[in-house]
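Down below are the structures I want you to see.
Two complexes, one shared chain (chain A), two partners (chain B, chain C).
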Partner chain A sequence: MAGFKPVYRKELYSFFASPTFYVVALIFLIIAGYFFFSAVSYYNILSFQGMQNPMWREQLNPTEMVLRPFFMDISVIMLLVCPLLTMRVLAEERKTNTSELLFTYPLSDTGVLLGKFLATLSVLFIIILGTLPSLIYFGTLTPLRWQIVGAGYLGLFLLAAAFISLGILASSLTENQIIAAVIAFGALLLFWVIGWSKAFTGPQMARFINYISIINHFENFAKGVIDIRDVVYYVVFSTFFLFLTLRFLESQRWRG
Partner chain B sequence: MIEVESITKRYGSLVAIKDVSFTVEKGEIVGFLGPNGAGKTTTLKIITCYMPPSEGRVKVDGIDCFEDSLAVRKRLGYLPESVPLYREMTVRRFLRFVAESKGVEPKKRQKEIERVADTCGLSKVTNRIIGHLSKGYRQRVGIAQALINDPPILIFDEPTIGLDPSQIIEIRQLIKDLGEEKTIILSSHILPEVSQVCQKVIIINKGKVIATETPANLTSQLQKSTKIVLQVKSDSQPIDSIIERLNNIPGVLKVNREDHNGTLIVETDQTKDLRPQISRTVIENNWDLLEIKLHDFSLEDIFLELVTKEEEAS
Partner chain C sequence: MEGKKKLFHSRTFKYGSNTALRTVIFTAILVFVVLIVQNHPWRVDLTESKEFTLTDQTQKILKSIKIPITIKAFYQEATRDRIKAQDLLDTYKYYCPNLKYEFIDPDRHPEIAKNYDVKTYGTVVVEGAGRKQTITLLNEENLTNALMKLIQTKKKVIYFVTGHGEASINDFDKNGYSMIRRELEKENYEVKTLDLLHTEKIPDDASVVIINGPKKALMKPEIETLRKYLDSGGKLIVMLDPFYDGGLKNFLKDYGIGIKNDIVIDKLSRVFGGSYLMPVITKYTRHKITENFNIATFFPESRSLTKVEKTKPGINVMLIALTSSGAWAETDTKTLKEKNTASFDPNQDRQGPVCLVMMSEITPEKKTEKKDDTGNKNKKEDNKSDKKDNL
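Then we have the complex of A and B:
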């Protein structure tokens, strides 16, 4: 595991030294803010109607009406933003030949890769946590169940890990960052929309597709349910793609 | 210190190096010489454990590069050909990353960074961003990162390429100074560099080692005759007449005209110095002697001869 710490620190430094991070963070938070605003506005209108109609009042539920759509919306923004953060991770090292330094220092490949993976995950999660103040503010207006908020953020963290592992694999395939981003986006989108095809497949296949789909597992977290099967899915997903990346880095050096 | 045992590297169907073997002893400065594309960089990348060879093996300090690559990498400082650096970092931040990576203890890191920055003349620019530095300074940062943690073996791939003449002299001096206590492999396609700095030369062409010698030995081995360059002048006589007279001196093998200004190259028996006889002959025949000197067989000639011989053979 030699190499995890120096690479982790270097990657964090590189992220914060580059304008990409700030632009991505800004866009992410603006869009998240807009989604949050529309969810709260909708809830607001329903609350006014609820004042006149006691039947409705009982159905008013901030978790169901604000938190759940908000977490689902964030996952969509992540789908767009993640490839932009992961595209440079390995492709840039190859393009600028700094991989020659990295892999001739006494660092293990696993350490280097984990350092890069966790640094990117930390950076994305820092951006995601930027949405927390809106929820805290919302919590002062209406009682929120914070366990549900916690489950939502745990889900986002795991989803981010899965997205990033696939993004880093894409980044290891090429030295062109644009191509890395396109591959990552395409692959993530495929894992996302594959769940939609369960409507027209057989029951066996539908179960399988349901399990493979990257976003189906997130829906439980957005509702505030932590199911160990979902956690396992994301951990296995991330480990698998990181493992593939590791093998790929090795074979690249064999082939020269 | 470094044992390279018949390594071969193939990139797909292209054979980059074939059956290359050599050893480097402790404390030597070895020049690794060859035309562009000869396989220098490939060989160095294999020694530094960046990639494994297709066949053969490399041992550094008795440790196999493949079996315990991390232990080998700890003993090496490597400056790659393109001098890759993290350009968004400051010099100090970059060197700190290198120190962390090479496992310098946290307490000693600061001191180690100061030391290499001092050795490489970087003290004034440690807080500047690498991307903003001039090429010469970037080269020095590249050397500085190789020196961190004081590895016993240094490998420099074309360290002076793209520098201006005064910087080249500085870097060569730096390498010479380092060579007093370290084992250094230096690749280059510039010959004077190698003859000035190195104690041993390995010449490689088309992926094969074609000579391993000291610069002095190479010269004496390949030198079959002594060459004397002289320039003569006469207003009345044709140049052929003096060439004929020179040819008649015992020991002279051949006289060639170098140009139309009266410069001649006299090839003589290696064992004798014929300069007195030649100058006397010139003057006795009423020619003016403008210049006479021994022509040193330069590494350049040897290199060309070896490389072209190799090509004729194949």
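Then we have the complex of A and C:
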């Protein structure tokens, strides 16, 4: 897998050197912070009400009432932010005509693509980890179950991988970054909302749609359950789209 | 022809078909992996209280389910309860792949809700093997019980005693028990009649024997048969109308249940549009039988019951259902019959709350025997048909 390391390093450099990363990170963390604030405030109000009502008090559960909605909220922000990170990855190379150079170097295509993919994933995950301090602070106020926090971040990591693989495919299709972003966003949104249509399809189709839906598999992580089926879904999803990207890049050579 | 040949030998075709083939094969491999994992699920529950893990007992039952089960959950969209219900059903589905569930919003699909006789949000209907079970409070215990009842192939048998002017289970009249029979059969019970005179022993398959309002007294041998049945751990429900004790007064007394020769008058029932002779149950004691009872029940023309203080050891008597304190047990039945009036006489009548349903349990030799005793026409074991909304 020649080429993985240099491409990975080069991608990280260009991410941290570009203002896009910092703007995206800032906006991401501001929105995530707001969601976290509202989840905790709501929990706070409920705790006050719980003081008067012992029946309620038993149902108060910080993991269930703060962590779970918080992770779900982050996944929504990721949906918006991901195309902005991935749109550059391959479209820019094509625009500046460096892709030809890149793919004629004695580097394997797989190595190059994996380098780009993992670099983008690392960058996004670094942004996501920026939300950790608020959880650590919350953990000092109320006992938190850290295993569930871990499961949530694992879920976010896998979800980010899936998002990025699809985003990179979109980026390989065009040399226009805006178009790449729009395609990625549209495709991701479609995978997101497809689960809603299961109500008006037959039972077999509903099962399939339920499986395809990208966010259905995240629910379990957010509530603290790691199911091998969900992990495999994200891995297969990412692998599939990376594979398609690879085939597409390859095809550019013989299509002339 | 020449052009076609060219196309097949062109570079684009060669590479294109190669790429297409590789894509198809790779996709097939991925689908294969997914299918394997889907059929061999495995998961860890990281929550502290193992919220998303079922008890061993439930897991065992779920493993034994081989028939397809469909669960219809009637919840409003986007409520907290719905999310909780979904978590639970998801967990069940994980352990039992034969189980399918769907959510139905009763406001959006009132026709389906009506079809399943759904009256409250949060009702869950479990279907399978051509039968169904309805639960109104979804939790692991209730759902597992419902599933257990569904997969039970052996039906529980309920015997109704005949031969003393009891209301018949085949009678479609107002006083007939055909409706109760139908309800019981819907809940997967088998309902049979039992002529005590022609049987020396109560059949072994009897889950419970019911004596519903005999007009004539039971004969001695019949009572002896019942006594033997109870001694060997049988369950009996006795329902007695006022003025007819079916010759069971002493028999019941032995088990701690005292029946009085009176009729219960309740002014409260007038509020609900009933007659004075239709006492309303306002208080249920906490017991498995009265679990989740939150609706008033009416017992038209009832007699009162008392606890017999001196009983044999090992007999545990419980009051199950009581009227309000505004009711009383009228002993002057003569005036009531002739003049149709009644008034509370503190010297003779008993002031409410009056007990209408009682239960006696024999414990020493690990025997349980339950006896409900009411003077009511619509009493049923699980109290489904005689629940009335107090709107």
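Just so it is clear, the second predicted complex is superposed on the first by the 256 of 256 C-alpha atoms of A that agree within 3 Å, B and C clash if a C-alpha of one lies under 4 Å from a C-alpha of the other, contacts with A are read in each partner's own complex, and residues count from 1 in each chain.
By our rule, contacts are C-beta pairs under 8 Å (C-beta built on N, C-alpha and C of every residue); 3 or more make two chains touch, one makes a residue touch a chain.
Small disclaimer: the values here were computed from a predicted structure and weren't measured.
Enquirer: Could you classify chain B and chain C on chain A, in the superposed arrangement, as clash or fit?
Expert: In the superposition, chain B and chain C stay clear of each other.
Enquirer: After the superposition on A, what does A:63 contact: first (chain B), second (chain C), both or neither?
Expert: second
Enquirer: Just checking: does A:247 make contact with chain B only, chain C only, both, or neither of them? Give me first, second, both or neither.
Expert: Only chain C is touched by A:247; chain B is not.
Enquirer: Give one of first, second, both or neither to describe whether A:255 is in contact with chain B, with chain C, with both, or with none.
Expert: A:255: touches chain B and chain C.
Enquirer: Answer with first, second, both or neither: which of chain B and chain C does A:226 touch in the superposed model?
Expert: Touch status of A:226: second partner only.
Enquirer: Per the contact definition in the header, classify A:151: touching chain B only (first), chain C only (second), both, or neither.
Expert: second
Enquirer: Between chain B and chain C, whom does A:239 touch in the aligned arrangement: first, second, both, or neither?
Expert: After superposing on A, A:239 lies in contact with chain C but is clear of chain B.
Enquirer: Please give the least Cα distance, whole angstrom, that chain B and chain C reach in the superposed model.
Expert: 5
Enquirer: Which residues would you name on chain A as touching chain B in one complex and chain C in the other?
Expert: 254-255
Enquirer: Mind listing the chain B positions that touch chain A in their complex?
Expert: Within the complex, chain B touches chain A at residues 9, 11-12, 16, 42, 45, 48-52, 70-71, 73-74, 76, 78, 80, 82, 84-89, 93, 97-98, 100-103, 145.
Enquirer: Looking at the complex, which residues from chain A come into contact with chain B?
Expert: Counting only chain A, the residues touching chain B are 2-3, 5-7, 9-10, 13-14, 17-18, 96-101, 103-108, 253-256.
Enquirer: State the interface residues of chain C toward chain A in the complex, per the touch definition above.
Expert: Residue positions touching the partner: 11-12, 15-16, 19, 22-23, 26-27, 30, 33-34, 37-38, 41-48, 51-52, 87, 90, 94, 100.
Enquirer: Would you mind writing out the residues of chain A in touch with chain C in their complex?
Expert: 63, 145, 147-148, 150-151, 203, 211, 220, 223-229, 232-233, 236, 239-240, 243-244, 247, 250-251, 254-255
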